[in-house]
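One structure is given here, and the rest of the page talks about it.
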Amino acid sequence: MKKVLMKGNEALAQGAIDGGCRSYFGYPITPSSEIAEYMARKLPLLGGVFLQAESELAAINMVYGAAATGARVMTATSGPGMSLKQEGISFLAEAELPCLLVNISRGGPGLGGIQPAQSDYFQATRGGGHGDYHIMVLAPNNVQEMMDFAIEGFALADHYRIPVMIMAEGTLGQMMEPVIQRESVPLLTDKPWATDGCKNRKPNIINTLHLSPDVLEQRNMILSDKYQEIKRSEKKAETFMIEDADYIVVAFGLLSRVAKKAIMELRQQGMKMGLIRPITLWPFPDEVIHQAAPQVKKFISIEISMGQMIEDVRLAVNGMAPVEFMGRIGSVPSPQEITRRLAQMVEGEIK
Amino acid sequence: MKKVLMKGNEALAQGAIDGGCRSYFGYPITPSSEIAEYMARKLPLLGGVFLQAESELAAINMVYGAAATGARVMTATSGPGMSLKQEGISFLAEAELPCLLVNISRGGPGLGGIQPAQSDYFQATRGGGHGDYHIMVLAPNNVQEMMDFAIEGFALADHYRIPVMIMAEGTLGQMMEPVIQRESVPLLTDKPWATDGCKNRKPNIINTLHLSPDVLEQRNMILSDKYQEIKRSEKKAETFMIEDADYIVVAFGLLSRVAKKAIMELRQQGMKMGLIRPITLWPFPDEVIHQAAPQVKKFISIEISMGQMIEDVRLAVNGMAPVEFMGRIGSVPSPQEITRRLAQMVEGEIK
Amino acid sequence: MEKQVLFAGFGGQGVLSMGNFLTHVALNSGKEVAFVPSYGAEMRGGTANCLVTISDEEISSPLTDSPAMAVIMNRPSLDKFEGKIMSRGTLVINSSLVDRKPAREDLLIYELEVNKLLEGLDNERSGNMVLLGAYIEKTGIVDIDKALENFSQIFHGKSDEFIKSNRKAFLAGIEYARRHW
Amino acid sequence: MEKQVLFAGFGGQGVLSMGNFLTHVALNSGKEVAFVPSYGAEMRGGTANCLVTISDEEISSPLTDSPAMAVIMNRPSLDKFEGKIMSRGTLVINSSLVDRKPAREDLLIYELEVNKLLEGLDNERSGNMVLLGAYIEKTGIVDIDKALENFSQIFHGKSDEFIKSNRKAFLAGIEYARRHW
Amino acid sequence: MKVVAKKPESLTEAKYHYCPGCTHGIIHRLIAEVMDELQIREETIGICPVGCAVLAYNYFNCDMLEAAHGRAPAVATGIKRLLPQNTVFTYQGDGDLASIGLGEIMHASIRGELITVFFVNNAIYGMTGGQMAPTTLLGQVTTTSPYGRKKEDSGYPVKMAEILALNQGSAYISRVSLHNPANVIKAKKAIKKALETQKNREGFSMVEILSTCPTNWGMNPLEALKWLEQEMIPYYPLGDFVSKKEA
Amino acid sequence: MKVVAKKPESLTEAKYHYCPGCTHGIIHRLIAEVMDELQIREETIGICPVGCAVLAYNYFNCDMLEAAHGRAPAVATGIKRLLPQNTVFTYQGDGDLASIGLGEIMHASIRGELITVFFVNNAIYGMTGGQMAPTTLLGQVTTTSPYGRKKEDSGYPVKMAEILALNQGSAYISRVSLHNPANVIKAKKAIKKALETQKNREGFSMVEILSTCPTNWGMNPLEALKWLEQEMIPYYPLGDFVSKKEA
Amino acid sequence: MAQGYLEFDVARCKACELCVYFCPREALGMDKHRLNILGFNPVTLIKAEMCNGCGICAMMCPDSVITVLKE
Amino acid sequence: MAQGYLEFDVARCKACELCVYFCPREALGMDKHRLNILGFNPVTLIKAEMCNGCGICAMMCPDSVITVLKE
């Protein structure tokens, strides 16, 4: 198929459609609004549902209702909006309702700024809502992946009955790159648990209340087993020149591409650097890091935040090597800046 | 002063009053509602402000406004309500507005149950809202501390201009124990940044928007410096028989008392067990754990959750000893159960 | 010495008040105390219970799986808790609302047909105080005179009427225990 | 080979369209491309810029601190970006809206008084296409004929009128570059 | 022999957890009776609130969801938009609908969402133990208005039927009561009409049902019905506020 | 020489970031002029919304807060309850007030909160680039109603003045416009009356101000004023909806 | 006058006495000698002959205890 | 007829032309020969003698550019 230039946000939206999504509920916020706008244009033409909700809170609860009917449904937002959805996400996770959540991230906390950031990492991976739950979190690093992960996100969501989040820096949503559109997936999947009218069967109930401590514990165990299974099966990372690396950079999202360029540059200068790029942020691909650790002099977690993923890197390394941090806030650091900082960090090591 | 029997929630509310709090904005939810009810009875008699907000979302934003005037102000809730406050907390943290937040915790996710839990640990310590921020989190383990930590909480909040959270299991809010009331602190503190009318000074602005990436980064640096200072100065833990311990249990809140009883029992059976009880959950008292690690055969993190604090324990131990987990959901495990499970875990070790 | 007592029955039977009363008396007797109620106003009906810990020293755990004593006000509570009482513990039963005999043979068991005894009293709703009086009298967990002394302080704010009739019920329980247990 | 070009000016000057156009042409010429706009509809006014990367291979980083080329439409953008251009890079300036000379001496510098050139055209708002035409013609970053071929496809959906006048401006820029640069 | 009254099919066998004499139970039965009569049980999806009726999913014999506090109208919207042919109702208390969920109910009505809302106004928060609701009457004592609700602090009680009637998206808005048999009959009629309004795709429909909370009002069930009649109805007048068909 | 008009003291020297011809600027000036006239600058605390006016804290020369999207009325409540003698206002757009913040504004008005709300209705989301607002007119094309707003999907545009007028806590509710000098004068009067209503502790006050968004309407400033006059005013009638003093 | 027949699902009864109060023919009362599984003295027919099967008791019963039949 | 005097804070002007349109005396126009710091051709008085100081221009100016004085 022909390559076409698309904005990341639009590619993601088109990917969702190709992934069988025919319903969108959301509230505008920069830098995610193009997703809603694209859906507003396309879904009505496909007989789908686009509704601008009155708020993020309403949107996530509309998603709850729509997902309960068995439909593939999504919402997209950015930082502050995602905070407002936390109660709803906790409900979705407990009720095991599949759906696609998108965070086109901007800087925080508070109103913050609208430039790209990765500082919602904890919120996404630790569950900003209450209670023990996880959602799957995918971090694309180019526009093609914005599209592909949307398709894959729905498949994962349905398979595990879990909310799946795509988290991408604002820039990734706003930039254009060529993409190749994949084939659309079939629309319908069988969901016997859906609340779509109890004709010819017993009524279905979708519920998150469990007043009896025993039942609550059982429910948490069931969720926990599912999370363990996902951890076993779905961790995903990309590696680049780590086989002989003395120093391994860990970076995700658009930033991982910038880091890669810096690493190529440093390799040319003779420094043995490598890159591990987590593709799934939850489950975090800890094994590839853990296995590399004994041979490595230092890990460097690069993030557009004050340091969040670094905790996962540390947990994976478990003391086998030092783990250092390089962070920026407010914008994606340039390859030049990363090259410079990495060189400094490594030289500090050498002398 | 005479000891009086008080419910944990009421002791906390009285502590807040003794700590100079004269304003409360909140929305009822089991098992925290007695805090609001106590304030509804007492504050009007003291010329204070009690307002039942229309929602947790409104409540946290009323707290934002009240804190901006320089007042000592608080709100209390439980899991789902705390999720709804996440956007507001992110704003409060960025605007550096002091206030007291209370989570009398119940089981989740979703509506969950109303029995005690510790599964909002991640939300509290990692910031469930968007962006890089922290709040201080104190975990009392008896009714006296419910009272004392409220007083201390306000002092810390004002000192560092930071929201302070008290997180306690539902049972701790509901149970009664004797307390001794402390002396009240003076009501007024000087807050030159407060927005209370610009008479005789330049206008003050309270704002969390920083569109320029540089300014946003600066703001994050300032916050980060503050967090570092708090980490240096405010970590707090209680230890029990760790000097010669082969096995160290880490547990907080009411559960830490239950764990202590189990440890006393196991000591009598000849097992060298000790306890580290984090009092501040953020900043997490990692040093005391780190220092103990080289001499310890195993750490066991006991939580009323599927395992959240264990990540902090692992980060503190940093690979120097194994860290295992024992968890319950839905209720506080009994001393007998903990004794049994710990004995099993340790025996598994021995054979 | 540390003692833990469980009170259990229907919501509305005054089970929490029993524990509350005992806790206050123990505190006023210079003991360390903790009172842990079951809670759940979010759930109407069902059963209620509470656990009282009384100790000479600081109380580490106010919780337990196996209390030394249990005061049981209805059948579902007996079914639920009988198996948990500490071996050789004490079990006190309102046999008006418990239509079976306890199965445990290692326990000290005391039964009282509360409703029958209530018929002679003017306050239908003070069955809890009857059983509490009998229980305290029998076990001496706190000094019975201390308990009587404490009545008006504990019920501070209630009507004289209320206090009087509860006291009467309490005394009837003591009386019963003295005669029959 | 990988080239990175920055376009910068006032919001409303069509800076993003310039980058967009170039990106499309490069893509249609079989190149790998990435187009990164500054964004911020939340902030009215101010400046806009975008960064275009054109490469023969897969593009690792679509971002940079020091683009090889910059096309500058106003004074604030010159102030902001002049220092960042790669050494021995190329700087193209709309000197109608830039009232100073660039300070860098290591750059290839091309200036065009866009507003003056516009006076002869019927479309006041096509200054961006003028400068773009001149820039492409001079640097050959993409084939100029390919660019002309692509006009109607890129502006697909716009009125013929619009396309025509933009093409005219673009040609005027080419013309200028041929004559003066 | 003719059956004059029996538990409808649209109710399950589960016993209610409600307090003795609580009119939540009557409302459940009326809705279920209407579902039976309209033969819509198998196409209906109900949404429970957070409030005493949180467990209603155990009682209604149709597909049911439990929504977050106040968000039932948003959940219902999500369902109805995907299943426009099904019948969707929410069941909400005054805390749920008029306090935390006011935004969602307003917007559902503004959009003319084709759902039916059963709004149980008992002037208090039942489930959490008797706190003030937006519909608590002036002077009424609750655990969070221990000195009686004051208009200076909390404003006047909210009249939801009147407010929602103003939105052009609302097709049927009515307030009914349950304090005696005659009113129970009227309540049922309103419930039926609301569900028919939805079937006919006329717009948003809501029935506000004045209900008792003997437990938190501190009354016996009969006293509670009297209090409802004497104190609530004068402030919350009964009747239809919008009825498009009539217009 | 007499000064007929000049930038008021209650505005700072900062230049607005608003688009050319955007009437946010006129509204700012009118509020500031009234603050000058009532001499309340030093006792006033203003709250900016999230919306194009998010940076208003740079423009008003008094204590200012920036609130989360839609929550300005709650923030104002927190302030006013603690500082009952000060003047507190919010400044909110239609997305902020009528969409995400509908719950908060309704409850502030229900409580009769002694605050003043300046509600800038420009029938669109300005700041985020032209999405549909609850006040967007039927048929109006926006980026999220690309085929024109349809009442079947999104309901009728929301009339906030009419809705808030219904709440007994509201003491002064008015709708004004800025499409010509005569209306600007009326708008200023309404702003003044609203702030006086607060001073007199009569209740909640709000002025809904019909405003333009030339940028996202795709018009020049003058066309925008005409569109406002011709399209918006017929649907959003001007005038006082509640005025307790008059009553 | 028609004769009514009642069936009680006694286990559901919570002794709220609304049926008793609203029965126009005073046919109902509480059974003080029985406790149902919920711990209540349940409803009972005290004057069976008075019942005309009007159904009002069932209409006011919050707990759907009563089935009313009529000839 | 009174004479008005105007002062322009030119740097604030965004050339929206509302003042021009609403001036009842057509005294105002845009200065096509100047660009202010924001990049606009700012307002200017084209017929000073026509201005009567009515203040309407200032009233309609969104950017508080204009100070109006009158004798």
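First chain written, first letter: the chains are A, B, C, D, E, F, G and H, and each begins at residue 1.
In the analysis below, a residue touches a chain if its C-beta (ideal position, glycine included) is under 8 Å from a C-beta of that chain, and two chains touch if they have at least 3 such contacts.
Note that this is a predicted model, so its numbers are computed, not measured.
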Legend entry - Interchain contact steps from subunit D to subunit G (minimum; 1 if touching): 3
Inset, instruction - Could you find the chain whose CA centre sits the greatest distance from that of subunit A? - result: G
Inset, instruction - Could you tell me the distance, in whole angstrom, between the mean C-alpha positions of subunit C and subunit D? - result: 86
Legend entry - Interchain centroid distance [CA atoms averaged], subunit A/subunit H, Å: 53
Legend entry - Separation of subunit F from subunit G, taking each centre as the mean of its C-alpha atoms, in whole Å: 60
Inset, instruction - Give me the residues of subunit G that touch two or more other chains. - result: 38
Inset, instruction - Enumerate the residues of subunit D that touch no fewer than two other chains. - result: 40-43, 45
Legend entry - Of all residues in subunit B, the ones touching two or more other chains: 30, 33, 51, 54-55, 57, 80, 87, 91, 111, 114-115, 207-209, 211
Legend entry - Of subunit B, residues touching subunit A in the complex: 57, 79-80, 82-84, 86-87, 90-91, 93-95, 107-115, 117, 119-120, 122-123, 126-133, 207-217, 220-221, 223-224, 305-306, 308, 311, 314-315, 317-320, 328-331
Legend entry - Sites on subunit E touched by subunit B in the complex: 50, 54, 66, 68-70, 99-100, 102, 125, 127-129, 131-132, 134, 143-147, 153-154
Legend entry - Of subunit A, residues touching subunit D in the complex: 3, 5, 30-31, 33, 114-115, 170-171, 174-178, 254, 257-258, 260-262, 264, 332, 334-337
Inset, instruction - Under the touch definition given earlier, write down the residues of subunit A that touch subunit E in their complex. - result: 23, 25, 49, 51, 53-55, 57-59, 61-69, 71, 73, 87-88, 91, 195-200, 203-209
Inset, instruction - Would you pull the subunit F residues touching subunit B in the complex into a rising list? - result: 41-45, 47, 54-55, 57-58, 60-68, 71, 74-83, 86, 103-104, 107
